[in-house]
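Two complexes come next, and they have one chain in common, subunit A, joined by subunit B in the first and subunit C in the second.
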Partner chain A sequence: MSSSSTLNYFELLGLPESVELDRSALERAYQSLQSQWHPDQFAGADATTRARAVQQTSLINDAYRTLREPVSRAAHLLALRGIEPDRLEQRELDPAFLFEQMEWREELEAKRGNEAALGQLGVKVDERFKTTWRVFAEALAKEALSEAKREFHKLQFLGRLQYEINEAEALLLDD
Partner chain B sequence: MAYSDKVLDHYENPRNVGKLDDNDANVGTGMVGAPACGDVMRLQIKVNEEGIIEDAKFKTYGCGSAIASSSLLTEWVKGRSLDEAAKIKNTEIAEELGLPPVKIHCSVLAEDAIKAAIADVKQKRGLA
Partner chain C sequence: MALFTISEPGQSKLRAHAPRKRAVGIDLGTTNSLVATAREGKAEVLRDAEGRALVPSIVTYSATQAPRVGLRDYADAADERSSIASVKRLMGRSRSDINYQLPYTLEDSPNGGMPLIHTAAGKLSPVQVSADILRHLAKRGEEALGGELDGVVITVPAYFDEAQREATRDAARLAGLKVLRLLSEPTAAAVAYGLDKKLEGTVIIYDLGGGTFDVSLMQLQQGVFRVIATGGDAALGGDDFDRAIANWVLEQQGATERPDSHDWRELLRRARAAKHALTDAEETPIEFAGWQGVLTRATYYSLVDALIDTTLRACKRVLRDARMKPEDLSDIVLVGGATRSPRVREKVAAFFGREPLCSIDPDEVVAIGAALQADVLVGNKYGAETLLLDVIPLSLGIETMGGLMEKIIPRNSTIPVARAQEFTTYKDGQTAMSLHVLQGERELVQDCRSLARFELKGIPPMVAGAARVKVTFQVDADGLLEVSAEETTSGQKASIVVKPSFGLQEDDIAEMLKQSYAKAEEDKRLRSLREKQVEALRHIEALESALEADGEALLSAEERKELVGMMEELRSVAATEDADRIEILTNRLNERSLDFAARRMDAGIRQALAGRRLDDVDQ
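What follows is the complex of A and B.
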């Protein structure tokens, strides 16, 4: 998809296009547009208008979900610049980062079952996510798109690792 | 999603899991990843004087298809020359394991990993 044909979710929700997002502004925009386009409002309208309302509601949902999560918001910001983040070759990944990911995955395996150790690993990964996010934001601000794309891939790995750590912690709480 | 019996077999009994000494000049390491699913794969080969792969090890953090693809590949490359191993195509892996279309990228990852491992050992030997 080229940048010209990517629907701008920020515009759709009437929000400023930015890396950081005011979460409450997002919620307000979402609620307001949802009620504006709710199919109940168009119960008496003709079929074309009703279909349009349904389609609009679905787009608003997609936009909300995409912008709410940092990683998918980052992907959307890249897509708006004509970058398809899922199209990549291995040489675009940072080898040192991959080695570290492997180590952290091994660490997670070893620490499964140890709540305190999992917590420490979680803090380390969260910190790395934050610093990587800043580098991503700076790269995007100066339109250094290949750098932004590389940092985005790190965010994807880190986000996945955060998820796995949370899952491991949830398992411990269940026992 | 249902995994094929072959994928399940490799997932439950992965072959050649482990690590080779990356400081060994005869060992090539391929480290690859799939950011969208967070998979990381390390595939290593040990090559003898005749250029034949005599050992292969892997470690994969990822879904069953990614684990099975790398496990199968380590079985296949043993006893092959570097050139023969480089010719293995992801489609052969996908076909052998019966991977569904949405999991083809796992076999691509395994192919990328063996290519990276081969390039690494060639570079170490001054062949690249």
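What follows is the complex of A and C.
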């Protein structure tokens, strides 16, 4: 993640730096840069040029992926403000939130195998994600960075939980 | 040369008077292979004198004659024993991966990689057998296009892992082909439908070939072909349907031992005939070694439904990965000879809730797509811009403490992709670190495929946990991986680049190349000389126009003088027959001009960022 703190992915893709993102603008910018730099455009070129095109498009792919997902976009926005989002201090998380997380994780374990119950838990977590996202956005808008960072860590927790619920649902499909 | 035409990325790099280049697309299949070529967006498969497009992927070896490719009937039993079929299943695989019966003898290779196959022409690697098939197809292409090929696109199953892709690329190298791109088979099919049938939207490409199954979920939109998620099984295909019938016959017959390879071939042939007969008939007689019976559709379905269900589970997973439902799809496209099976069509239609598309011949569609893309990549632009965004099918990672696989690049990441992760030492004074590169989705190392092991040496002694080893994975547009590692805390940097080369080592390839070159030494020398001359002139030409465009702006007078001097020296040497010197000077010029190219590319990307091109700025 060290390179992302120096390189602004919004700038790379020619998009305004903001919490909310216009998905179709992102898609357009991504495809236009890809068509310019994709290694297929340099199929007849020498190895060095191709290697460079591979590096450029890797960067463009990384920028696209980072901005598309809300949690990684939030991390990037913090990194651009000189905040190391990966470092989590214990005091930054309020005990009530942690307690709720533990409860939800227990709920997930208990409901593995029950598709409907997993779906309900998913809806609950999605709701909490949305409200937390709003708080994060407001904090960032007033440059209240330590508050924004605290909300970001909540988003991280919630995002991971969403992922695990999804994986649990996927496992059910395999049977 | 594109290196210097970067100020106009995405634009035609070929001048109007440039001669048409010869390019083909090759579908290197498990049971059959095809070659096709395209012109102005229209592709056609190339046929033999009898009008047949499909070349059986069978190579027949003999002690005295050159290998023969695509023989359907054997003159004698010796031919049959030395006929190697379905070699694609052995590519990038070790002997322990092969858990089914083969009609030929395998032997462990000395270096623990791909097994060697016993033939009348000696022990051969699967890569050599594949190279023979590629040579045959390339020759058909050369005859049709009237000269040596400038480049080929070879398709591989989307679900092929690193080792299998590497093996395919090695085979092409052995066959002396210039590979423009390894293209996923479903992506090639999508290109054919997108360009030829103007198909757009979110589609599933369901590709069931003779020996492999792939499913890709793709978005097709105005020349952009984007893979969203992919899945499959690199060892499941229509051949398994035949095998299921054959095993059923043996069971009915009460056979206590496996038939020998001759009888097994014969049984598979009859099984295939029965399978085809059931397309129209409700039941069909089948006999083998004195046993007679009837295969009904119901029995047949009970034998193959489990196989088809395996493919549908892969479809489900792909939809899941893409967070989509069958209703979100605009079309289902059928690819691969095995999708001719009415049972497959019926079950696919039921699963997705709609009739699948198959308006382009499912045997030919992959080669057609590959040919269309080859034509573009070789530089024969005709106005249609295509952009193919593919993904890696399986996660890539590294072994960590406790025998666990740590994923560095997750599956379905759009390629090219680069990702780095930091690791540290766990012992005081540790000066080396061994790294084990893996591919797969499972947690435990033993359940993943081992791609490469290498050691990073020269780490300065430090206390445990103080060193910072940055491991970088880079996957190119062909899906091929390079791993490098570097210790970053000290000024002293150690780094190593490894290419997973499962099975074949560089020396093996060099040795095989030597063998295949021995016969045509002189031809090769001349060909190589021509290539070097052409390469030198392309560099000169590209540099000239680059200097003209940006030399003033981006280089000092001294730098310009140096480049021009080197360029003129190369020009005079290129007129001689001294291939080595041409190469040395070309490389030297290339090296010297790298910095200039980099400056141009940086200037280019700055323009791209600003949403403008250089030509806007010049005015």
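To be clear about the criterion, the second predicted complex is superposed on the first by the 155 of 175 C-alpha atoms of A that agree within 3 Å, B and C clash if a C-alpha of one lies under 4 Å from a C-alpha of the other, contacts with A are read in each partner's own complex, and residues count from 1 in each chain.
The rule is simple: a residue touches a chain if its C-beta (ideal position, glycine included) is under 8 Å from a C-beta of that chain, and two chains touch if they have at least 3 such contacts.
These numbers come from a predicted model, not from an experiment.
Visitor: Hey, is it subunit B or subunit C that touches more of subunit A?
Guide: Tallying touched residues of subunit A, the top partner is C.
Visitor: Looking at the overlay, does A:R160 come into contact with subunit B only (first), subunit C only (second), both, or neither?
Guide: first
Visitor: Once the shared chain is lined up, is A:Q34 touching subunit B (first), subunit C (second), both, or neither of them?
Guide: In the superposition, A:Q34 touches subunit C alone.
Visitor: Tell me which partner A:D86 touches in the superposition: subunit B (first), subunit C (second), both or neither.
Guide: A:D86: touches subunit B, not subunit C.
Visitor: With both complexes overlaid on chain A, does A:R52 touch subunit B (first), subunit C (second), both or neither?
Guide: In the superposed model, A:R52 contacts subunit C only, not subunit B.
Visitor: For A:Q101 in the superposed arrangement: first (subunit B), second (subunit C), both or neither?
Guide: first
Visitor: Intersection of subunit A residues contacting subunit B with those contacting subunit C?
Guide: After superposing on chain A, no subunit A residue contacts both subunit B and subunit C.
Visitor: Quick check on the complex: what are the subunit C residues that touch subunit A?
Guide: 1-3, 6, 9-10, 13, 151, 180-181, 224, 313, 316-317, 320, 376-379, 385, 387-389, 413-419, 474, 476-477, 539, 590, 594, 597-598, 601, 605, 608-611
Visitor: So in the complex, which bits of subunit A are touching subunit B?
Guide: 85-86, 88, 90, 93, 95, 98-99, 101-102, 105-106, 152-154, 156-157, 159-161, 163-164
Visitor: List the residues on subunit A that touch subunit C in their complex, please.
Guide: Spelled out, the residues of subunit A in touch with subunit C are 11-12, 14, 31, 33-46, 48-50, 52, 54-59, 61-62, 64-65, 169-170, 173-174.
Visitor: Residue numbers of subunit B touching subunit A in their complex, please.
Guide: 31-33, 35-38, 40, 42, 59, 61, 112, 116
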